[in-house]
Each structure stands twice: as C-alpha cells, then as structure tokens.
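Chains: A, B, C and D, in written order; residue numbering restarts at 1 for each.
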Amino acid sequence: MAQLVGVMTTSHVPSIGVAMDTGLTFDPYWKPLFDGYGPAKDFVRDLAPDITIVVYNDHGLEIFLDRVPTFGVAAAPEYVSGDEGWGPRNIPAFKGDPAFSWHLIEHLVAQEFDLTMYQELQVDHGFTVPMSIAFGGRSGEIAAWPTRVVPINVNCIQYPLPQPRRCFKFGQAIRRAIDAYPGHERVMILGTGGMSHQLQGERAGFMQPAFDRMFLDQFAPNPQALIDLPLGTYMKEAGHEGAELIMWLVARGAMNADINEVYRHYHVSASLTAAGLGCYVNA
Amino acid sequence: MESLTDQIEADKAIARTLPGTYLFDGTRAQMNFALNKMGMSLKHAANRRAFKADERGYCQQYGLDDATTALVLARDWIGMVHAGGNIFFIYKIASVDPLTMQHLGAQQNGLSLEDFRAKLNAYRQS
Amino acid sequence: MAQLVGVMTTSHVPSIGVAMDTGLTFDPYWKPLFDGYGPAKDFVRDLAPDITIVVYNDHGLEIFLDRVPTFGVAAAPEYVSGDEGWGPRNIPAFKGDPAFSWHLIEHLVAQEFDLTMYQELQVDHGFTVPMSIAFGGRSGEIAAWPTRVVPINVNCIQYPLPQPRRCFKFGQAIRRAIDAYPGHERVMILGTGGMSHQLQGERAGFMQPAFDRMFLDQFAPNPQALIDLPLGTYMKEAGHEGAELIMWLVARGAMNADINEVYRHYHVSASLTAAGLGCYVNA
Amino acid sequence: MESLTDQIEADKAIARTLPGTYLFDGTRAQMNFALNKMGMSLKHAANRRAFKADERGYCQQYGLDDATTALVLARDWIGMVHAGGNIFFIYKIASVDPLTMQHLGAQQNGLSLEDFRAKLNAYRQS
C-alpha cells in the first residue's frame, strides 16, 4: 500500500510568489520569512514524496461565483500555473497522477464525500506558492518538480464553507484512500492557507498572532480543540480569510492521532498575512 | 436542544457582527454579481487590455450599474466591497493598474500606504 | 415552517420534450404515454406547490467531463432551457427562489453535504421535460410556470456516481432543510430520471420492465431494499443510464417513512427508455 | 471484513462484465477526452455550423486523432463508444445531422432502424 510519509502546512500568499519570482528573497523585508523556510525544504527533500496532495483553495482563477464546489479533486495528467490577473508564474508544469487521483476519487465518493471531479484544472498561487516553498530552492527556483501532484480544492471564498469538522473527516477519508492504494508510493500532504489575515473591509490587515500560536500549539497534540471551533470563530479570531485554516485540518485529519512536530516557523507578516508553517510526521 | 438553523445563524452572527467585515454569504454573493463577474473576466490578458482601453465601456458591457461603474473608475475599493464586491474578484481590477493588496488594504482602512504598512509591521511586536 | 406537500417522480427523455413541442402527443405512438400523465397533472395542480425542487441530472448542457460535481444546488433568480445540441426548448423561463435556495444550501452544507453552489445555470431536458409533464397541459403547453423552482443536479454521467444510500441521505437532509424554513411555502419535489434504459454500447435499447415494476412496488413501502442495491446492480438491472433511478431515491429520502402512493403509471417505451411515473404524499 | 476497495471493485465489476456495456469511469473518461470535448462544443449553434462546413478541420481543431476523426466522419457510433466516446457528448454530433437516439441505438446494435424499433416495441409485451 501507499504510505503517508508526512505533512507540511503553510500559508499561501501571492506576494510570496512575487518575491520568489523577482529575486527579492534576500531583501530585508522578505529574508526572515525565507530563512525560516530552509529547514522545511530539508524536511520535504528527505521525505522524497512520489506524490504530493495539495489541499488549497482557488481564489478566482478556475472558480467563479457562478459555480462554487465545496470539495474538488483533480485527475488531470498535467497542471499549469494560471493567470490570476497578473500573468501566470513562470514555473514548470506539474505532472499529475491520474491513476492515483481516480483511486482517491472513487474511495472518497464511496465514503460519502460529494466531490467535484476535474480532468482539466489550472492552479493558482494557493497551490503554486506552497509547492515552491516546499520543493524549490532558496528563491523558489526549480527546473522540474520532483513529485507528482493531486490538487484538492476546498471552498474558502463563499459562505457556507465546509465546517472544520467536515474538513477533518475529509482528511480521514483521504488517509483511508491512501492506505488502500495498491502501490508503494510515498505520499505527502501539503495543507495550505491561513494563518490569520483579512483582505476585505475596514478590518483588512487584521492579524492575531496569539490565535495563530494557539492553533500551532494545538495542531499536533489536540486537533479536536480546533475542530470544535465554529467557522464564525475562525473568521473572528483569524480574519475573514483566515478561515482558510480549515485546510490545515484536512491535512491533520489524514494523519494519525499521535503525530510529531518536526519543525515550525511563524512570521508576521507576509504582506497582509501572518505566515505560518509546520512539518509533521506520524508518531 | 439547539436547532440546526440556530447553529447556522449563531455561526453567521459571529462573522456578521465583526467590525469592518462583510461575510461573503449568499446574500452578498447575489448583491453585485455583475461587478464580480467583470473582475473575474480580467484573468484574461485580452480583457485587461480592453478594460484599459475603455474602462467605462467595459463596465457597461458587463452590465454594471452606474453607481458601481463609478466605484470602479474611482478605484474605490471599500465602496466596491460595500456594494457586494468580493475581494478576490475586485483584486483583479487592481492588478490591471497594477496595485497590490497593500494598496487595497490601505484604502479600505482610510490610511496612506505608508501608515498601513506601519500598522502591519506593528504586529511583529505581538 | 415550509411544508413538503408531495413528491412526483418521472422519467425524463428528450423525445418526450420533442413530442410535446411538435404536437405529437395524440400520435398513436405517444398517446398511451401522455394519457397516463393526466392524473399526475391533476395531482400536481391540487398540490399547488409554491416551490418545486427538481432533482435531475445534466446530460452535457452545463456539465462537461472537465468538471463534474456530485451534487449541485442552484440559487439563481431565473433558469432558462439551454441548447443541448438541437436548440433550446421554446418554453417560458423558470423563476427561482434565491432565498429558499440559499437556505437549502446552508442547511445541506451544515449537514455535511459537499455541494456545488450555482448562481447561474441553464437547464436541460432532464429538468424541463418533467416540469412540462407535471405542470403543462396535454401537450406540455404552458404560458407561465405556476411555481418557483430549485434545480438540484446529481452526477449520473461519470462513475463514481453517488451511492444509492448517499442519495437517500441527501433527501433526508433536504427534508430537514425544508422543515426548518421559516416560511409557509408548499414544497413539492420532482424526482426524475430512469427507469430502465441504456443508450451506449451494443446493449443500447436494453430495458427491464420486471425490475422497474419491482422498483415501483418497493418505492413507497420498502425503500431500504432499493437503497441496499449497489450501483453496479442498477446498471445491470436497469441499464447503464437506468442508474438515474438514484435520483428517485433522493425524493424518497425527503419523505416520511410511511407514504401513500396516489398514482402510478408505467409505459414501455418512450424511445429507448421505459417511462415510469409516481405520485406520493406523506402518510 | 470486506475492504472499501473490495466493495468498490465488486461494484464496478458488475457493470464491467455486462455485455455491450462500457462503464464510464475514470479510465474511460481519460480515454478520448478530445472526442467528448468536441461533442460538447456542438451545444453552440455557431460551432455546429463550423462543424458542418468542415468536419475534418473541426475535428483537427479539437485535437482528435486520425482514427477518431475517421469514426466521426463515418458516424460510426459504436466505434466512437469503443474509442472512449460518452453517449451524451457524441449524441451532439448526431444531432447536427440530425439523427435521433434511435439511430444511434440501431447502429450500435448492428440493426436497421426498423428492426431496432421492433426490438424496442417488443418490450411492450413483457
């Protein structure tokens, strides 16, 4: 069977992508953030995943308000960085794994998750920035991705978002599907989004490091405390867009009850976003 | 026992009572669909060129009402949010100029870019 | 609270729409089918629903294989008949009820159904033909629809389809949402699709009246027997496309355990499809 | 205890072993995406006109391989199904001619339209 070898969680912010793509990672503003990514890159390199499941949300590249899916799983042979309005990122295309994706889809629908199934999908900064952080060099540079990918998108733009509890269960179901895959692939999950940030309204720029630190403290030993929080509380404590933290809960749900935190980094801020990162393995 | 509706309403009430926050639920999603659709269209470079060439005409083509068109022409981000704009779709309008999310944050706060950045940087102490 | 006043279930076939729209309903081939619709029209007229929830599947009008949702609920102000390849049907537009639709969406996502939410949607024969059967005159003719509508689409074109069990639970969740609606609307559910038919492969034209009659016999008193059948069995017994019967199970799930069958009609065949219809009320 | 995978495989096996049936699962959905996409495109009347004007060119524009293009030009429905066509998308090709689903059913069965209709009508006795 395939094996879940580890999880990395990280914020995703367009300007982190811009900093990487325009050579600003040694700039005084950005250096503390990128310095903090080093050990995570080592962690991911040592995990050497054959397949990386990226749990992210689309921010208006592929999903508009005419049709918003709660959960989507993609099964395309390839995914490219799309144009969100400021041109696509100049990065290599991502190779998919349709056989693994369809296995996931079949096992998730059988477990009563009402997915949208994609055979064509472009990916936005929510996907590409975490991939560059995880797999790219100091400035995100990379000639070819050393892993196949499965994009899984979660609705974070239009209420009702899926409940934290549902996201955690979704992760549990993903894990069952990984364990049931008849291959020997090493699988990593990249949980993205958050931490505290708000982009819209007079409250734009709101962050709350105390809440983020609580979230990071509870994530490994006591996820139940995080699952029990209502979405409204996420929006209150982490900002209207900080509710993206539900995607970290998908990744947590896929892990064992007991996990070890290998590395943590927290930096305020990347533009309007409090940038957190964690590396975890099953205990 | 709390009903399902009570749970849903309680959850929404938290977000709805936050200062300067506009829960983007069905009510808001309906409010100005045309504005958000126009913003979404700007993911195509050709549409960005058409918008730049004739902003007002482009807004009319997407069925924006006059008040909303005026907000777009004035780059009044907080006005667009109040009028039902979703930040991810109106951000594509900003990207044409180009402005960054920090510009939008500053304007929504009624601050200069410099003061808004200082506000963001102040979180480093916390 | 709103009230579920009744359910009608019916097959949906493009050629039934063509027969209505081209004045063929008194033609010897079609007359027995349309004669059978009469009592159902009376049933629906007496129910006088303010809102009709139409559970149907899209057949390549709005949904292509690039992006297939399992369950979708629409919240548009209006829905028009779309062009499936032979021109749109010349029928009035359908008025939506966004407030009711959003209530449904919020209550379904809270019950852990991972919906796709639509704000723009055209409807195909899967939706329009049952509406004409239920609300139109002898030949489907109608000047304006006497009900607001909520389209709910279910994936029936790309495996994995949702399991029969999941569809029934979806119906149960829809019922809870109807009961929780703070209005006095009379709500009808129109469950569409089936009965036995197969369109693709050398087995095209397959029908199985014995299976359909069993399904109709069990539908009211013993839906559990139908829920327990795997999807593969539906495809075997009712044909590859006959698995659309899962949408009848959504409607059944929304009803009480005890229901009364008011009317039943079964006609073999409308083109390649065994055409069944049922009218039900809670006991 | 039967595993989840066993349940899924058992379920698919029923449909996969039916004669003349091609379970439209992920495997088939990938098989000829271009053919189905071309069929889907014909929901637009303008595309139907373009297809009629130059069927081969239209197929090439949608990236169909030569073998699939030949099946389309020959209206070989069972061949298209074998090649990964989904009935709902290839039916849009038929609608251009126009042919009905009965024509497609007859051809897939290797019967004349008359014989296929007789086969359908024979169910009335059952």
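Note that in this section a contact is a pair of C-beta atoms (placed from the backbone, for glycine too) under 8 Å apart; a residue touches a chain by one contact, two chains touch by 3 or more.
Here the structure is a predicted model, which means the values were calculated and not measured.
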item: Chain pair with more C-beta contacts, B-C versus C-D; value: C-D
item: Gap in Å, rounded to a whole number, between the CA centres of chain D and chain C; value: 24
item: Approximate Å spacing (C-alpha centroids) for the pair chain A, chain C; value: 38
item: Distance from the mean Cα position of chain D to that of chain B, given in whole angstrom; value: 44
item: Distance from chain C to chain B - Cα centre to Cα centre, in angstrom; value: 38
item: Multi-chain contact sites of chain C, meaning residues that touch two or more partners; value: 65-66, 105-106, 110, 117, 119, 158-160
item: Residue list for chain B, restricted to those that touch at least two other chains; value: 7-8, 25-26, 29, 33
item: Graph class of chain-chain contacts, one of line, ring, star, complete, other; value: other
item: Pairwise chain contacts, counting only pairs that touch as defined; value: A-B, A-C, A-D, B-C, C-D
item: Residue ranges of chain C in contact with chain B within the complex; value: 75, 77, 98, 101-102, 105-107, 110-111, 117, 119, 176, 180, 182
item: Touching residues (chain side chain C, partner chain D) in the complex; value: 14-15, 59-61, 64-66, 82-87, 157-160, 198-205, 207, 209-210, 230-233, 235-236, 240-241, 268-269, 271-272, 274
item: In the complex, chain B residues that touch chain C; value: 3-5, 7-8, 25-27, 29-30, 33
item: Residue ranges of chain C touching chain A (in the complex, touch as defined); value: 65-72, 105-106, 109-110, 112-121, 158-163, 165-166, 169
item: Residue numbers on chain D that touch chain C, as the complex places them; value: 7-8, 10-15, 18-26, 29, 33, 36-37, 39-40, 42-45, 48, 78, 81, 86-89, 91-92, 95-96, 98, 100-102, 104-105, 108-110, 116, 119-121, 123-124, 126
